[in-house]
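Got some structures for you, see below.
Both complexes shown next keep subunit A, but they swap its partner, so subunit B is in the first and subunit C is in the second.
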Partner chain A sequence: MIETYSGIRESRPNRYNDLGSTGDAAEEDFRTGCLKKADRSFAQGLQCQQINSMAALMSLEDSVFIAHAPQGCVGCTSMAVDQYRVGQAHRGVKHSKNPRIIVSNLDQNNVIFGGESKLRKAVEEAVKRYQPKLIFVLASCASGIIGDDIDAIVKDIQESTQALVIPIHCEGFKSKICASGFDAAFISINKYILKQEKIKKQEGLINLFAPVSISYADQVEMERMLSLLDLKVNYIPFYSSLEKIKEIPSAQASTSICKVFADEFMKALYEDYDIPYSHTVMPIGVRNTDIWFRGIASVVGKEKEAEEIIQREHERILPLVESIKNRLKGKRVFICGGTGRSFAAAALIDDFGMELVGLETPTYDEDAQADIEYLNTIHPNFVIDIANMQPFEQVNLVKKLKPDVFIGVPEWAAKLGIPTTHVLDMKRPTMGYDGLLFLGNKIADQLENPGFNIKLSQHIKLPYKDSWYEEDAFKYIIGGN
Partner chain B sequence: MAKILDKQRYKCAMSAMQTVQAIDRAIPILHSGPGCAQKLSSSSGSSGYFSPNIYPCTSINEKDVVFGGVKKLESTIRHSLDVIDADLYVVLTGCIPEIVGDNTEEVVEGFKDAKKPVIYASTAGFKGNNYKGHEEVIDSIVDQLLEPSDIRVKNLVNIWADVPYQNEFWHGNFRELERLIEKLGLVPNIIFGYNKGLSNVKKIPAAQFNLLISPWVGLNNMKKMEQKLKIPYLHYPTLPIGAFETSKFLRTVGRYAGVPEEKVEAIIEEQEAYYYYYIERYADLFLETRVMSKQFTVVSDAHYALGITKFLVNDLGLYPAKQFVVDDTPKGNQEAVSSYFKDLNYGIEAEVSFETDGYKIHNEIKAHDYHGYPLILGGYWEKEVAKQTNAHFLNVSWPVNERLIMNSYYVGYDGGLKLIEDIYSVAKTRFN
Partner chain C sequence: MSEVVENPRGGCVLAGINSVLGAIDRVCPIYHAGPGCCMQSTASDQGQSGNKSSCFVSSVSIPSTNMLEREVVFGGTQKLQSTIQGAIDIIDADAYFVLTGCTAGIIGDDIESITDQFKEEGHQVYPIDTPGFAGDSNLGYEVVWNTMINQVVEEPLKKEENLVNLFGIIPYHEPFWSGNLEEISRLLKKLGLKVNTFFTEHQNMEHIRTSSQAALNIILHPWIFKGPARKFEERFAVPSIRYPGLPIGASDTKRFLLMVGEALNLDDRLVNQVIEEEDDYVYHYLAQSIGTLSWKRFAVAADAGTALGITRYLANDYSFTPVLVVITEPIFRQEDKERIIAELTNLEYARPPKVVFASDQYEINKVLMEEEDLSLIIGSSNEEEVSSLKEVQFIVAAFPIKDRLIFNRAYAGYRGSLTLIEDLYDNL
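This part shows the complex of A and B:
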């Protein structure tokens, strides 16, 4: 019997959150088993896994979200509302709806005596108000510590409730990797909706897993590519429904757009429902898009068709890429992004003949190792910062490395006067062959008028002491190698 | 405290990190779980010198929950002082350390000889919302940073009004309040916003009086300062928007501060003439607009709900439907706040509902007959109910999406004109 996965990403062996290194050294240390778990004695705020659990499921039809939490844990709802409504607008929904988010509002009394009654009340109201098909109950730091047994409470509520009530264990303090929240959501989907029941297979149906950060334009592009292989897509869970989730076990194969989204779930689907899957890379840039496409094609036995399509797409795309390359080649780049995007962006810059000087990403693991091995063959000497944000380390490195271009969360590099482009565009194209052109042109346009960032840097100062820039950026990483 | 919240209008006490951030070069240090900074950061204009991603955070993990997080807090504060270039470090405690019982006070005590002041405030999410958290932070500053002053600087007035970032017009409003107070010949002292910071915090004890412009938020702070710093306060509950309320405001403050009546009246005459010059030019628009009913509803905290209601009734001649106060006004303040809504011209009284549950509010709006297209001023949540009721919708309270507010304001004479601009910019989209 395989040990049940807890949903905590750092519970997997050889996964590291705190590391400062170079491409070569990291590859070597990982291979030889010399990397160790470390920590930071000084750090800046992170993103917690509850945000990711919520984001993963937010757009499901006929659902209500109950944060079993004090009132701040849904403080990010205004962002969620915006995302959800924009997504609807892109999908042509005429009357955009708000997401239904309720917080049980744990207070001082509940912290002492437990919050069960508030959770019951919240579910009761959710049913009365919205008659949903799905009610998700999201655990929080507070509910976890005071010991509310949400599984038991939900089990009891379920007996008298028609809607499916699904607890999700996404207590913030349990993981430093916010992507754990994706896993927590999928574990619950499997346990409470799919329930190991096998259903009739549908030939040519592919589960395409995509997180909230994938734009509709990207969805359309991915669906277009898969339709070229005569595959039909079940796009999950973004803007999908209970019915579509129930169809998951009928698929012929699964793949994901993001490396840290549904990767564990696809393993579970393979074990529980015999659904093979392709887990490769994020389809950003020509090389990664090829790899991603070949990956899913080979699972469904359509390698030959895929090669023909890839060749056709290359004929169409590569001349256009060439024109962007003329604007970008030789530029030195620093990349900061999530696990999937940062490595994909690093591969992407190769299409444009750019040089990688620094890479910041939240985790290093086996997947990262494969990417780093590849990157090391192209880029001779780049710095790696394994960090979930930590802008203080980033600006220290960026100031020393002086890249021509910064790709990723732009605020801080911009204040150093460096041209910046955001690679995480939740509303416009990034993925696939066409996304590549959009992204490349965006980077080039930004580079050709760096005026805003330069002016900004001349008028403001970053909030660190001058002495900090003299220090080793990785000074506060303790333990490890 | 409020029951379950559906369509939430505020955040938790720890969101007072934004109150800290609004003080130039003051930085919050969060002793909390890993996601708090991120979750509480969604207000526009938060990427200043400091921003939520910059805040040092202990990001408490499972081990700290069991063994306590004080060691991590100590190292985080110590290194913050080394790395971050700030004038004031404010440790804010979240849910976890307050449940497991970390002694934050003791850790912060250890930094009393640091080169820059380090203070702390208790802001656990389960203790209250960010209106309460805002008061906690101000109280902490008074308790831990300020001492009574031997000198009173004549005419120096501390001004307290909007809750920074929660009230998205805070920056512009403070600046306009500053200008109004200056017109009276007084010297305003504000600690939030551009070019203020710790030097203004230090001036607080020397002020002649505190001026609180807010229905209830901040009253506790005024009492604390009265007691500890011996500073009396003038409580003016209504955010003055437009001519009627602003003139009344100037008269009230002028009388309290001993400004000669002729001087105040001269200012008012000049300002009202200016204001009505513009109103007259557009009066045809206001008089002939057929696509907006006379009735309106505000869904906001008491501060904006009251200010806007008074303006729309007293200046613009509209009529109040029910107003919804969504800030979880403490029970003890509700009666007073209600009474302010009953003090409108021509004996008009606005009915107020202290309701934090968006679902109920939307049902009430849908059930009311506004005699035409309603005017709804509220949070982004109301966009949906506005669509369902064919209403004109203006997003004035948190959450604010789809509009950008940099330094504009609704306070004062110009602020009233600005609010009219915003309302009619929405109404005019219906003209064709």
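This part shows the complex of A and C:
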């Protein structure tokens, strides 16, 4: 009997969110079971799982998104809204739409007496205004703590509503790992849309799961690569629809563009609909793109074709990579990113002969262990900070390690005068063989011309006291060992 | 009191508080809140303010207790204590303000007992116990000033007769706040005044502490700051004048400067001389491009302060035809609505536009869609969709702004009015 997954990523064994270590020590401690759950007695803000649930779904067609929350809990949709508008422009949509986001706007009264009537009103308005096919109801810290039973309310509303009304349990306080929000969204998609119903298989159809942060250029590149294997892509859930979601169970196989996006869902699809899947890495850089491509190819039994294609792509790309390598070889790198991007970036820099000195990533688990084992064979003694951002730790480490280049959110390292670049570009190419060249040239150009950051650092000081840079970066991580 | 709303403009009260604090030099908010509140509240206001955010700490740089299930069940004051201590130890701020999210508000953590301990040790740590669900970002502006008046502003040691406090331009919730404050401040300085903007020129806690020494509060907004203004008067004997919305262009700014001159009994000759110089400056430019912008029948969808300023300017000074004005923030007092309507009715030559109060995006889109004879829409990034469907000219000039980068661009005052006209140029 398979235990039902709650959607909370912490509930999986051997997963750690608070750790300061080195590549070697972390690998050893994980292997020997010496890592323990820790916490930070001082921390900076995190990303809550509701942000991820919202962002994952927001470009679905004919949908309304209801946040059963105070007004503030749709703040981060501003990023996904922008991404949606730009995404439409890139896809040639003439009249870009706003996503339909309705907030029930819980207030002082509702906190005491409950917010059911407002939730009902929100659903009514959604139906009246847009006659959508899908209405998502997203929980919040407030709705969770006051005990509004959104499942029961939705069940009742559903009886008189044509649109599918789908509750999503993404209460922020339930998880420290924002990727839990992806799982919460997929659990509800499975439960309320797919409903364990098996449908006719479509030979050659692949579910390609992609989060909001994937640019249109990257989508096109992924689809191009899979088409080389004669595979057709069902791109989910970005810019997709109820119809495309309903096609998920008919796929021959599944894969994802991000390590923590739909990984749990793909397991569920395997268990519930016999759909095999490939869970590998984010296809950034030659090595990771190869791994990703081989992964899905082997699931559909096209290993031989894949090797031929990889060979061809390498012949085309590697000479060009070599010219970029000459510009980047030996440079020392600090990387900070989400789970997928950080490890992808770490693998990428090997293509260019760069050296990893520091790695900041949100979670350490079995998946991370596999990456760290690989990285330890190439890079001696790099520092690991298991942190979701925590810029105070980052700047402390960056200042001590003095990397030649920082890859990640540039805001803080830039103020230290370090050249910065990023592998997260939601509007331009990053992935696959073609994305690699764009990315490599970007990194090399930014490293060679660091004037902005150098001059910025001469005028702008980060908010930290000078004494902080003398302290142990992991001073506030308590427990654990 | 709050209503179900589609695509709300801005965040909860926490977002408003955070934006105001983020604009004061070297001030550090500390969140006693859920794990996403720093990011959500920064993204909703600063993030939609023309793609910039506080220079000191913002979003995931803000210290936070990140309250999880354990804190929900057992309370989070211990976590708050170690978080404040950490913030004091590593962040080089002049003052720290502890803010409460919904979680802390609902479970009822007593944050004041914690901040008191730090105060006793001599640290500048102030509690603002107004949880997210208490209201929207506009309320946040007033909450911050009420906090300042109650906890920070000191009894005036002396009065400075040429010192004025500027209120009503809300940092980040108004994307052009910085440039607008700079332009208004430039003009007031020409009148010989010293100006507390609190948010520009690295003004800091010291300016707030001594703001009680001012001779006058100038509120540049049609309705906000009523409560704090009364407190300022009662506690510190600083009177207030209210200019209803942003002054934009020659006529509007002249009216503003005359109002200030009268309130402070300034020398008429000086005031008139400044007005003449500035009039000359703008008309010297306007005269170089006559007829370049074609005649427009326009609609504005914006917060009241911006909507009044733009409508008055384009109608009175630029001879565009105002057709529809949508006031997009919730306004609760009838007297405020009347003040806004009066301003829009009382135009110099133009016939008054239709005025609609609507905060809900669906309703805003609907009234804009129904207005048949429009050739220009001035609004936020949210109105791009309806403008595209109507195929009329559109400029983004009001919060929320996600598709422009705005640093010090100003639409207020004399110079700002020229920038607005530049942005309206349409070569299609």
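Rule of thumb we're sticking to: the second predicted complex is superposed on the first by the 480 of 481 C-alpha atoms of A that agree within 3 Å, B and C clash if a C-alpha of one lies under 4 Å from a C-alpha of the other, contacts with A are read in each partner's own complex, and residues count from 1 in each chain.
Following the convention adopted for this analysis, a contact is a pair of C-beta atoms (placed from the backbone, for glycine too) under 8 Å apart; a residue touches a chain by one contact, two chains touch by 3 or more.
As the structure is a prediction and not an experimental result, all values here were calculated from the model.
Engineer: Here subunit A is shared; do subunit B and subunit C fit on it together or clash?
Structural biologist: Result for subunit B and subunit C: clash.
Engineer: Touching A:160 in the superposition: subunit B (first), subunit C (second), both, neither?
Structural biologist: Neither: A:160 stays clear of subunit B and subunit C.
Engineer: For A:377, select first, second, both or neither according to whether it touches subunit B, subunit C, the two together, or no partner.
Structural biologist: Neither: A:377 stays clear of subunit B and subunit C.
Engineer: Touch check for A:47: first (subunit B), second (subunit C), both, or neither?
Structural biologist: In the superposed model, A:47 contacts both subunit B and subunit C.
Engineer: So in the superposed three-chain picture, is A:196 touching just subunit B, just subunit C, both, or none of them (first/second/both/neither)?
Structural biologist: After superposition on chain A, A:196 lies in contact with neither partner.
Engineer: Overlap of the subunit B and subunit C footprints on subunit A, residue-wise?
Structural biologist: The answer is residues 41-51, 70-76, 78-79, 81-82, 95-98, 100-108, 110-111, 118, 121-122, 125, 129, 140-142, 145-146, 172-174, 176, 178, 389, 391-392, 460, 463-465, 467-468, 476 of subunit A.
Engineer: Spell out the part of subunit C that touches subunit A in their complex, as residue ranges.
Structural biologist: 1-8, 10-15, 26, 28, 31, 34-45, 47-48, 55-57, 59-69, 71-72, 79, 82-83, 85-87, 89-93, 101-103, 105-107, 132-136, 361-362, 381-382, 384-385, 388-389, 400, 402-403
Engineer: Which of the residues in subunit B come into contact with subunit A in the complex?
Structural biologist: Spelled out, the residues of subunit B in touch with subunit A are 1-8, 10-15, 27, 30, 33-42, 47, 49-62, 64-65, 72, 75-76, 79-80, 82-86, 94-96, 99-100, 124-127, 129-130, 359, 380-381, 383-384, 387, 398-402.
Engineer: Across the complex, what residues on subunit A touch subunit C?
Structural biologist: On the subunit A side, the touching residues are 41-51, 70-76, 78-79, 81-82, 85, 94-98, 100-111, 118, 121-122, 125, 129, 140-142, 145-146, 172-176, 178, 388-392, 412, 460, 463-465, 467-468, 471, 476.
Engineer: Please name which positions on subunit A make contact with subunit B in the complex.
Structural biologist: Those residues of subunit A that touch subunit B are 41-51, 69-79, 81-82, 95-98, 100-108, 110-111, 118, 121-122, 125, 129, 140-142, 145-146, 172-174, 176, 178, 389, 391-392, 411, 460-461, 463-465, 467-468, 476.
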